[in-house]
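In the two complexes that follow, chain A is the common piece, with chain B as its partner first and chain C second.
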Partner chain A sequence: MSVHVDSAVTERWRPFAQGTGLVLASMALTGLVLLPIGINPIGAYAQILKGAFGSVNALTEDLVYATPIILTSLSVIIAFRCGLWNLGSDGQLYLGAIATVGLGFNRFGMLPPVLLPVMAVAAFAAGAAWAAVPAVLRLRFGASEVIVTIMMNFLAVTIATYLVGGPWASGITPATAPIVSAGFLPILVPGTRLNANFLVAIAAAALLSFVLRRTVFGYQLRTIGQNIDAARYAGMPVNKIRFVSFSCAGGLAGLAGFGEVAGIYHNLPNGLSPGFGYTGIVVALLARLNPLWAVIVAFALAALSVGSGGMQRAMGIPVSLVSILEAVLILLVLATRLLERRA
Partner chain B sequence: MTWASLLELTFWIPLLAAGVRVATPLVFASLGEAVSERAGVLNVGLEGMMALGAIVGFLVAYWTGHSWAGLLAAAMAGLAASLVFGFLTIFRGADQIVTGIVMNILLLGLASFLYASIFASAHVVAQLAAIPVFRVPWLSDLPVIGRPFFAQSPIVYAVYLLIPLFWFLLERSPWGLSVRAAGENPEAVDSAGINIWFLRLQAAAIGGAMAGLAGAILAVVQIGAYVDGMIAGRGFIALAIVVFGGWRPWRVAVAALLFGVVDAFQLRLQVSGAAIPSPFLIGLPYILTIIVVAFVAGRAGYPAAINKPYPLRHFSRRQRKPIPADRAAIHPVPQEHS
Partner chain C sequence: MGSRPTLQGIARSDQASAQPWRFEAVNVSKSYGAVIANDAVSVDLNAGEIHALLGENGAGKSTIMKILYGMELPDAGHVAIDDTVLKIGSPADAIAAGIAMVHQHFMLVPSLTVLENLILGNRRFGGLMTDRRAVAAEIAALAAQYRIEVDLQRPVGKLSVGEQQRVEILKALVRGARVLILDEPTAVLTPQEIKALGLTLRELAQDRHGIFIVTHKLPEAMELSDRVSVMRRGRVVGTWRTDQITSSELVMHMVGRSLPASVSRPQLTPGSTVLELLNACVAAQAGRGELRDINLKIAAGEIVGVAGVEGNGQQELAEAIAGLRHVSAGDVILCGDAITNFPAAEILAAGVAHIPQDRHRDGVVLDFPLTDNAILVDHQTPAFQQRGIIDRHAVIQFTDRLIDVFQIRCSGREAPMRSLSGGNQQKLVLARELARRPRLLIAVQPTRGLDVGAIDYVHRQLIEQRSAGVAILLISTELDEIIALSDRIVVMREGRVTALPDKPTIETIGAAMLGSADRPAGAA
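Moving on, here comes the complex of A and B:
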C-alpha cells in the first residue's frame, strides 16, 4: 500500500523535477554562447533574477509584460486545440492596436463610459477579422495557415508603420498622436504601468479554460484537434468550429494590442510588439496548451524578458539571449520527449 | 514615371536585371527546400537558417576579407542547423512545424545576439566591399536578355549551374529516386533496404546548407552588411515558391524569378514616387505569397509523407532484413504520429 502511495507521489512530482532539470540544462547550454564573449553565465543569470524580482516596480513590470503574452498564448492555444497553427498573433495584435488608436482619437465624439468598451470590442473584431483571412484560405482552399499568417504579420506591421509615418503621424516622435484620456485604461497600482488589461487577460484565461473543459463547443473543438475524422463522423460542424476558434484566436491577440495602446502607450508607436506573438507560441508549447498553465508560464517568461532588460543595462548582453534560452528549452523538451502532451 | 514607359524596353530590361538579382537568394533557398520536402522533411525553420547564414557569412567575410570564405562558412552553419532540425524531426519524431518554428526563434535570436554582442561597441555599421559585377563576354551583349542575365554578380551564374544540377540530382539520379520515394512511400524505401532516416537527413542537410548560402548571398554579396530582420520573411516566401514550383527544380527557379521581378517592380515604383500608398507596394511580395499559397496550390500537392516521422523501431541491426513487399503492403507499418 505504502509503495503504491509513494509511486503516486513520485508520479505527481515527476513533471516538476523533469521541468526543473530541463530548465537548468537549457540555461547551461545557452550559457555556452556567453563564454566566447567573455561573460560568466552565472553572473548574467543572477542579473536577470535581480532585474525581474529585485524591486516592487520590477514585479509589476513582470505583470505588465505578461499581459499581452498571456493573451497571445491563449490565441495560439485556442487555434492549436482544433489543429490549426496561429503564427499570426503578432499581426492580429497590431490590428487590434490600430483599431484602438483609430477609435481612441474619438473623432465620433463618444461619451467617456462608452469609449473604452467600444475600443475593446473593436480591437477584438479587428484582430478576429485579420485572422479570418488565413482561416478562410485554409478551410476553403487548403492554403497553409503557417505561411499565410506569417505573411499577414508582415502586412500588419507594414500598415502600422505607414499609419505612424503618414496619416496618423504626430510629427514629433515615431508614434501616432495620443488618444483622448477617456480612452486610458485604469491603472491598478498607482505609480506603475500595471493596468486593467491584466485582469482582462486573467479573465480570458479562466474563460477559455472553462469553455474548453465544460462546454459543448469546447468538447467539439478538442475532438477536432485530437481526431478530425472522428469529429466529422460524429457530425460535428468541423469547419464552422475551426473558423470560429481561429477568429477568436485573432480577437484575443487583438485584445493584447488594445491593452498595449489603451493601458500603456496611449498612442501607436513604431515597433509596438517586440515579438509578443512569437513568445506566445513558446508559452503555449511550454504550457502544453493549457490556458491556466499559460498564465504561469507567461509570467515566468515575462519575468525573464524584464530581467534581461536589466541584464542588458548592467552588463551589455543583448536581450536576444532570452529567445535563445526559450528556444533551447523547447528543443530539449522535443529531444528528450519528456513533458509530452498525452492526448 | 508614366504608364506609357511600361511599354518600353528601357523599363523592362533594368527591371528584369533587378528581378534576377532579388531572385537569386530565393532560388538557393527554395531549390534546397524542394529536395528536403521531396524527402518528406518540411523545414519551416528556413527563415532562421537564412538568418544564421547571413550573420555567419557576414562575420567570416568581415574577418577574413574573403566573400567566398563567408559563403562557405554560411553553408556549413546552415548545414549544422539542419542537422539539429533533422535529429529532432527524423530521429526523435518531433513535429516538423513545431520544431521549425522553434528553430526560427532560436536562430533569429542567435543571429541578433551575435551581431549585437560583437558590434556592440562599434557605432558605425560594418560594411563589406561589394563583389564586382562580372560581364560574361559575348553573352552580355545579347539583345534584351544580355544585361539582365549575363551582367551580374558571379553568384548569379552559379544559379545557372545549380538548377540543372538539382534537376538531375532529384529527377534523374538513383539518389533522387530514393528521395522522392522517401517523401511518398517511406515503407517502400525501407523495404528496398535503404536507410530512410539517413537519406532524409541528407536531404534536410542539403536544404539547410542552401538556406545558409541564401542568407549569406543576401548579406555578403548583395547588401554588404547584416541588419536584424533583413531576411524579412524570405524563408517563408521560399516555402511558398517551392509549392508554386510544384517541387520541380526548373519550375521552382521560374517561380522564384517571378517573385524577384514583382519585388523589383514594387521597389522601382516606390523609388519613382508613384501615387500608391507605400504599404501596398512593400506588401506586394507578401500578398503575392498569400495568393500563390491559397489559389495556385492547395495542400493536395505536398509529398504524401511530409511531417510523418518514420518509426525508429526498425532502426536496428536485427530488423535490417527487408520486409517482403507483399507483406509490407498488407501490414503497413503503423505511424507513431498522425
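Moving on, here comes the complex of A and C:
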C-alpha cells in the first residue's frame, strides 16, 4: 500500500520535475547559441533571474504577465481535455478585450459597482461566442477546429486594429480612447500593475480543477476526451458537452482580454497580445493539461519573459533570446512526449 | 545469404518456380495477458497453394498471421521453411525471407503515384539515378503476368479500394515475395473486384506462390482456396481440402460443438414481456449493416439467444435497442413503453444494460482508473452524484465492491484500466452492468476472448440474472453458448431474424445461419 502511495506522490510531482528539467535543458542549449557571439550565458541567465525576482516590482510584474497566460492555458486545457484543439485563445482574448473596451466607455451610464462585473461577463461571453463558431463548424460539419481557430485569430486581430484606427480611435496613440475609471480593476499592491484579474485567474484555475475532478460535467468532459465511443455508449450528450467546453475555452481567453484592458492598459492598444494564446498552449502542454500546474508553469514562463527585459537593459542582449529559449523548450516538450508515447 | 533459408533464394535460382517448398508455423502459442490468442497453432502452406484460414473475429487468425509476418513474436513454437527454423523478428525479416502481408488497411502514401509507392523504400530501385522508365516497364510486365490491372502513373489517393489492394499485392511481388498473407482481402471489395482478385490469386498460385487468406466469410473461403483451416478460440480445429468439405460442415467447426453445457438452467416460467421489437428496421450506413423487419419478444426471466455468422446484423440489433443506432421504421418497446430512438441515456436509465461487443473500444476508458470506469454508465444516478458533484466516497465503495464480488485482479481501485488483463477488464464491464440491476440485459459476445474458467463464470452470472427475473438478449457466434443458455433461439442472417423449427438442433440452426439447405462445396 505504501508503495502505491509513493508512486502516486511521484506521479503528482512529475510534471514539476520534468518541467524544471526541460527548462534547464533548453537554457543549456540556448547557451550554446550565445557562446559563439561572445556572450556568457551564465551571466545572461543571472541577469534574467535578477530581472525576474530582484525586486517587489519585478515579482508583481511576473504575476501581471502570468495572469493572461494562466487564463489562455486554462482555455487550451478545457478544450483539450474534451478532445478538441483550441489554438484560438489569442483571437478569443482580443474579442474579450474588445467587449471590455466597448462597455468600458460606459455609454449606457452603468453604476460603478455594476460596470466591472458586466464588463467581465461580456468579455467571457464575447470570447465564448468567438469560440462557438469553430465549435459549431467542427461538431456540425466536421471542419477542423485547428484551422478555423487559427484563421479566426487573424480575423480578431484585424477587427481590433480596425477599431483602434477607426471608430474607437483616440487620435493620439495607436490605441482606443480610454475607458472610464469606474471600469478600472482594483490594484492589489499599490504602486504596481498587479490587479484583481490575477485573483480571477487563480480562482478560474481552482474552479476548473475542481470541475474536472469532482463534477459530473467534468467527468463527462474527460470521458469524451479519452474515449468518445465509450462516452456515446454510456449515453453522454457528447456534442453538447463538447460545445459547452469549447465555448468555455473561449470565455476563459476572453477573461484574459478583460484583464489586460481593465487592469493594465485601460484602453485597447494595437498589438494587445504578444502571443498570450500561443504561450498558453505551451503552458498547457508543459502542465500536462492540469489546471493547477498551469498556474505554476505560467508563472515560470512569465518570470522568464520579465527577467529577459532586465537582461536586455543590463547586458544589451536582445529579448528575442527568450523567444529562442521558448522555441527550444517547445521542441523539447514535444520530443519528450513523443519518446514517452514510444516507451 | 549463407545457410539462412529464404524463399527468394529458392525463387531466384534458375528453376525457380519449379522447386517445391513448404512454409509452416509449428505449435505456435501466444497470449496477451489472460487472453490466449493462439494455443499450439500449426498451419502450413505449400508452393502453388491457396490456404484459407477461417474463423470468427477473435478466433486467433490475425495473431498467427502477425507471427508469420514478424509483427508479433510467439511465446512458444516456431516458423519454418522446409523444416529449417526461420528467425522472423520483424516485418523486415519477413520481407527479406520472401513473406509479404497485405493488410486490411493499406499502407500506401496517397499523394504518391502507384509507381512511386512501389519503389518507395525498396533498395533495388534506390539511389538518385533510378531509371524510372526501365523500372516502370519491369513492373508493368510483372503486373501483366499476374493480371493485375493498375495504372502505374496515377496517384494512389485517386484509386478505388480494390485498386489499392492490387497495388499492395504488386508491392509484395516487386519485393520478391513468394508467400502472400492477405488479411480479410474481400472485406472492402465489390463482387466484381472479388472475382478479379480470385483470378490474380490463381495466377500467382500457378506460378508457385503460396497464399494465406485470412477471412471470416465462408463463401469466399470455399471459392478461393485449395485448403481450408478453421480456427476457434485460439486453436486450429482442423484442416481440410476445400473440395472435400461442405459449407455446413465448416460452419459446425467454426461455431463448435465441443464445449459441454456445464451450466444447469433451473425451470422458470417466463414473466411479463420486457422487450418487444415490432417490425424494427435500421437503414444501412457506410460500412455498417442493416436490420429488416425485426420482430422479437423477450420476457422477464427469459434468455433469448441470437445465433448467426458474425456481421449479419447482430451488433446493429444490440445498438438499435440501446439507442446507439437510429431505428428507421418500426418500434422498440420496453415494458409496454415505446423507447424507439430515445436518447441512449434515457434507455439506459429505463433499465437496459448493455455489454458491448467491443469492450475495449466502447465499454471502458483505458486511461481512467477503475473507479471512473465503474461509474461510466451510472454516473448520473443519485447514488453517485448530488447536484452535479460526484460522491467520491460512494464511487470508491462501489468500485471496491465490484472488485471484491467479481474478483477483479488489479493493483487497486486507482489502477488505470489499461494495466488490467483483458479478462479482468471484461469482468469489470460485466460487474458494472449487472450491478445496475437491469430489466433487460443485452449481452453481445459476453465470453469472447475469455479463458474457460472465466467463460463458466460469465455463464453462471447470466443464469443467475435470469433467475432474478432479468430479460436477457444473448448475442453470440458460439453455438454451444447459445444452446446451453437460451430458453429460445433465433437466427440472424442478412439483417433478418430467421424462423427456426420447434426443436432446433445444431444442424437446423446451422442451416438457418447459412441460408438455405446445404450448399455444394465450391459454390459461392
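One rule holds in what follows: the second predicted complex is superposed on the first by the 310 of 343 C-alpha atoms of A that agree within 3 Å, B and C clash if a C-alpha of one lies under 4 Å from a C-alpha of the other, contacts with A are read in each partner's own complex, and residues count from 1 in each chain.
The rule is short, and it goes like this: a residue touches a chain if its C-beta (ideal position, glycine included) is under 8 Å from a C-beta of that chain, and two chains touch if they have at least 3 such contacts.
Here the structure is a predicted model, which means the values were calculated and not measured.
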Mind checking the superposed model to see whether chain B and chain C fit together on chain A or clash? clash
Mind working out whether A:T20 is in touch with chain B, chain C, both or neither, as first, second, both or neither? neither
For A:N40 in the superposed arrangement: first (chain B), second (chain C), both or neither? neither
Have a look at where A:T173 lands relative to chain B and chain C in the superposition and call it first, second, both or neither. neither
Report for A:S181: first if it touches chain B alone, second if chain C alone, otherwise both or neither. neither
Which partner, chain B or chain C, touches the larger number of chain A residues? B
In the overlay, answer first, second, both or neither for which of chain B and chain C A:N57 touches. neither
One more residue to check, A:Y233. First (chain B), second (chain C), both or neither? second
Where on chain B is chain A touching in the complex? 44, 84, 87-88, 92-94, 97-99, 101-103, 105-106, 108-110, 112-113, 116-118, 120, 232-233, 236, 239-240, 243, 277-279, 282-283, 286-287, 289-290, 293-295, 298-300
Would you tell me which residues of chain A are touching chain B in their complex? 33, 37, 85, 87, 133, 137, 141-144, 146-148, 150-152, 154-155, 158-159, 161-162, 166, 278, 281-282, 285, 316-318, 320-324, 326-328, 330-331, 334-335, 337
Please name which positions on chain A make contact with chain C in the complex. 4, 8, 214-217, 219-220, 222-223, 226-227, 229-230, 232-237
Footprint of chain A on chain C - complex, ascending: 322-324, 343-349, 354, 356, 361-368, 372, 375-377, 379-380, 385, 388-390, 392, 411-412, 414
